[in-house]
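Across the two complexes that follow, chain A remains constant while its partner is chain B and subsequently chain C.
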Partner chain A sequence: MINISYNSFLVIDTMNLMANVLINVVIAFLLGSLLLGLHRKIMARIQLRPGPPVIQHLLHSLKFFFKETSFPKTASMPFYVSITCLYCAIWILAVIIGPVTYGTLLIIFAIYAVYKIVEHNAGSSSGSPYGKLSCVRAVFSAAAEIPLFAVLAIIFLQTGTINIGDIVTYQAVHGPLIFSIPLAALVFFILILSKSPYSPFSITKGKDIISGFETEHFGVLRGYMMLSESIAWYVLLWVFLTVFFGPLSINGYLIGMVSITAITALINATTPILNPNHSVMSQITLAIVGIGGSLLLMFIV
Partner chain B sequence: MNKLMVTSYSLLIISIILILYALIFSPTDWIVYGIAIVFIPIFILSLGLITMAKAKKEEEEERKEEPFIGY
Partner chain C sequence: MNDLSYLIYILVVIIGSIVGLLISYKKHGEPFIFNDMDSISVIIAIIGWILLFNYGLFVSIIGFISAMIIISIALFLVTLVIGMRPGYGRKETLIGIVISAMLWFISYMLV
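== the complex of A and B ==
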């Protein structure tokens, strides 16, 4: 069966569906890894350190696949291993919903809800107190990050659809949404910021709890989780650029992804991690201001 | 070969067969999505479990007997 897709990141208009999925997953992994490497490099340069090469995140992900791995005695098997599989599965689903089919944003929302469950369960299944603390924080931070997704309601009110393909079509006619609902874009950007490494909001992976829910996942499982993280970062940036900047060319996506990565790196390098209460309250405040402000603007203008 | 390796090899073979099936025969979309969401992660994980370095025979006991320094 031939799949007719939108003009995806890689120009694939007619292609075998499975090949389309595989190519997009590989692109998401490679580009996501390089962007996370760039993120780390920019942070290091801002902090006057040389930092690792941009390719380091990619090399680390691959390197861990060949490292000796043992499983902690305290881990609850096979849950401890299968949760990493779920982690990867949700981001592959996100690639399918995003760049492959231009599907509904509601499933992206559901994926983020499941991601919180993954953080929670990866932490609790390891048996480590750091993991358990991270698992508690995952629930706590879900209370803050999920409201940020109320931005979907603003997008729906503005465009009359929740489908990424239709939103792109709407923007082709009416111009990018970033100009009509800028506060909603800001709220979505806060969500991106909260997912970036060393973010002031990333309380689940704060260094006060070592590596949070990933502490006891090392060796091949860590490599596997890093692979999923790379795909997650790519998908998040792709959704933001597609939903708020409309139909973009490959260069547009590349410039956008590099710019957002650089901006988040700048913010993260100069901002300490907030304590959990402050992190949650800041995000909820920003969500209320962003969504309330957007609604107000929509009714006034 | 221990249980982990047998399981990993089995899952790797199953996932390769199903991914190739979806690639070659192009079944209905929802079947392709199902295979992609379930079996691409399993393919990567099983490949990782096979390629990871294992403890040498004489070191195995050392790994198990390592004192629990935790928590």
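== the complex of A and C ==
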């Protein structure tokens, strides 16, 4: 009897978890798409263009799922197809680790590292010269963005934990981390800026190489890529807000996400894309200044 | 439950924006923007923003409707106007916000 009730509790728990995962993934996709649409709209208004409607990014993503999928002759199958599934899978995993279970930041760090590999492989698997250039640039940018993500070490030194749930609890007691380690927050913000569309640091998707690693993916595959992009944007913003701004209400998250999207849009609309070497050197410099400065501040104060 | 209501709001916003976009393109197919105001859009915007700003008041008046339903209807009406073709629905939204904020302020002062 006890075993039956325990099992039924287990089933209900699992079902709740599954429903929670599903709801959060759909929220991440829809809200991420709306935020990217808003990003595009704000950039357009700054550049004195009317710009597309805010829902355009979402409609664009959905449109690709109904388009005919064609495959380049030079594509290395089945790698070319599986890489888009991997792209999608890693960011869905990030939603599960982040907003659903408040797990460890180390897995999010690992997901970001795998994401850079996915960018690299998506570029190389199509056989297109644009993809190939993007693939080389993905390795460059990984060398710069992974140190940016190494800001986790500062968070660990400050809070003594790497678990998102525990970091939130720490902030509930000691106040938001943005006030105690502002340079670390700046470094993480640079990482978010690097991931935003038309960013000065987004060398892998620079318009000089058309759309970079996405150039030769069509139809459903492109749809998966856009879906993953939206989820990635949501997850990165969620991690930034949760880790540096403490326990937030849903309205707090919404205001924070819209504000960060608006700030990145403002920066991206007014700055040109950097040369790959300059981009990487700027990111590494900012990472060293941010992490070194945070360490110095921690030892001095 | 909290996440689910959040998802419902996002879906309502998206559906409202799509419907608004479709209606405005059907109504205004011209390659330029009319500067005059559309009375129906103004009414929709005012109702939507009043419901959104004062949902607590409506829940207390009409007891059997939950706040989630009122907010969902409000968001649908609000995004119906905001989501219109670029260049349309801005003035209407502004009027809706001003009137509903005034109503909220008056009701707040009275209660």
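Quick note on the criterion: the second predicted complex is superposed on the first by the 286 of 301 C-alpha atoms of A that agree within 3 Å, B and C clash if a C-alpha of one lies under 4 Å from a C-alpha of the other, contacts with A are read in each partner's own complex, and residues count from 1 in each chain.
Rule of thumb we're sticking to: a residue touches a chain if its C-beta (ideal position, glycine included) is under 8 Å from a C-beta of that chain, and two chains touch if they have at least 3 such contacts.
Everything quoted here is computed from the prediction, not taken from an experiment.
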Clash or fit (per the criteria above) of chain B with chain C on chain A: fit
Partner chain(s) touched by A:Leu30 [first = chain B, second = chain C, both, neither]: second
Partner chain in contact with A:Ser230 - chain B first, chain C second, else both or neither: neither
Touched partner set for A:Ser196, first chain B, second chain C, both or neither: neither
Per-residue touch tally on chain A - higher for chain B or for chain C: B
Partner chain(s) touched by A:Ile250 [first = chain B, second = chain C, both, neither]: second
Chain B versus chain C as contact partner of A:Ser294, first or second or both or neither: neither
Partner chain in contact with A:Val81 - chain B first, chain C second, else both or neither: first
Contacts of A:Phe66 with chain B and chain C, given as first, second, both or neither: first
Superposed arrangement (fit on chain A Cα atoms) - minimum chain B/chain C Cα distance in Å: 16
Common interface residues of chain A - those touching chain B in one complex and chain C in the other: none
Contacting residues of chain A [partner chain C, same complex]: 20, 23-24, 26-27, 30-31, 34, 50-55, 58-59, 250
Chain B-facing residues of chain A, complex: 1-3, 16-19, 21-22, 25, 65-70, 73-74, 81, 84-86, 88-89, 92-93, 96, 128-129, 219-221, 223-224, 227
Residues on chain B engaged by chain A in the complex (per definition of touch): 19, 22-23, 26-29, 32-33, 35-38, 40-42, 44-45, 47-49, 51-55, 63, 68, 70-71
Chain C to chain A touching residues, read off their complex: 2-4, 6-7, 10-11, 13-14, 17-18, 21, 83, 85-87
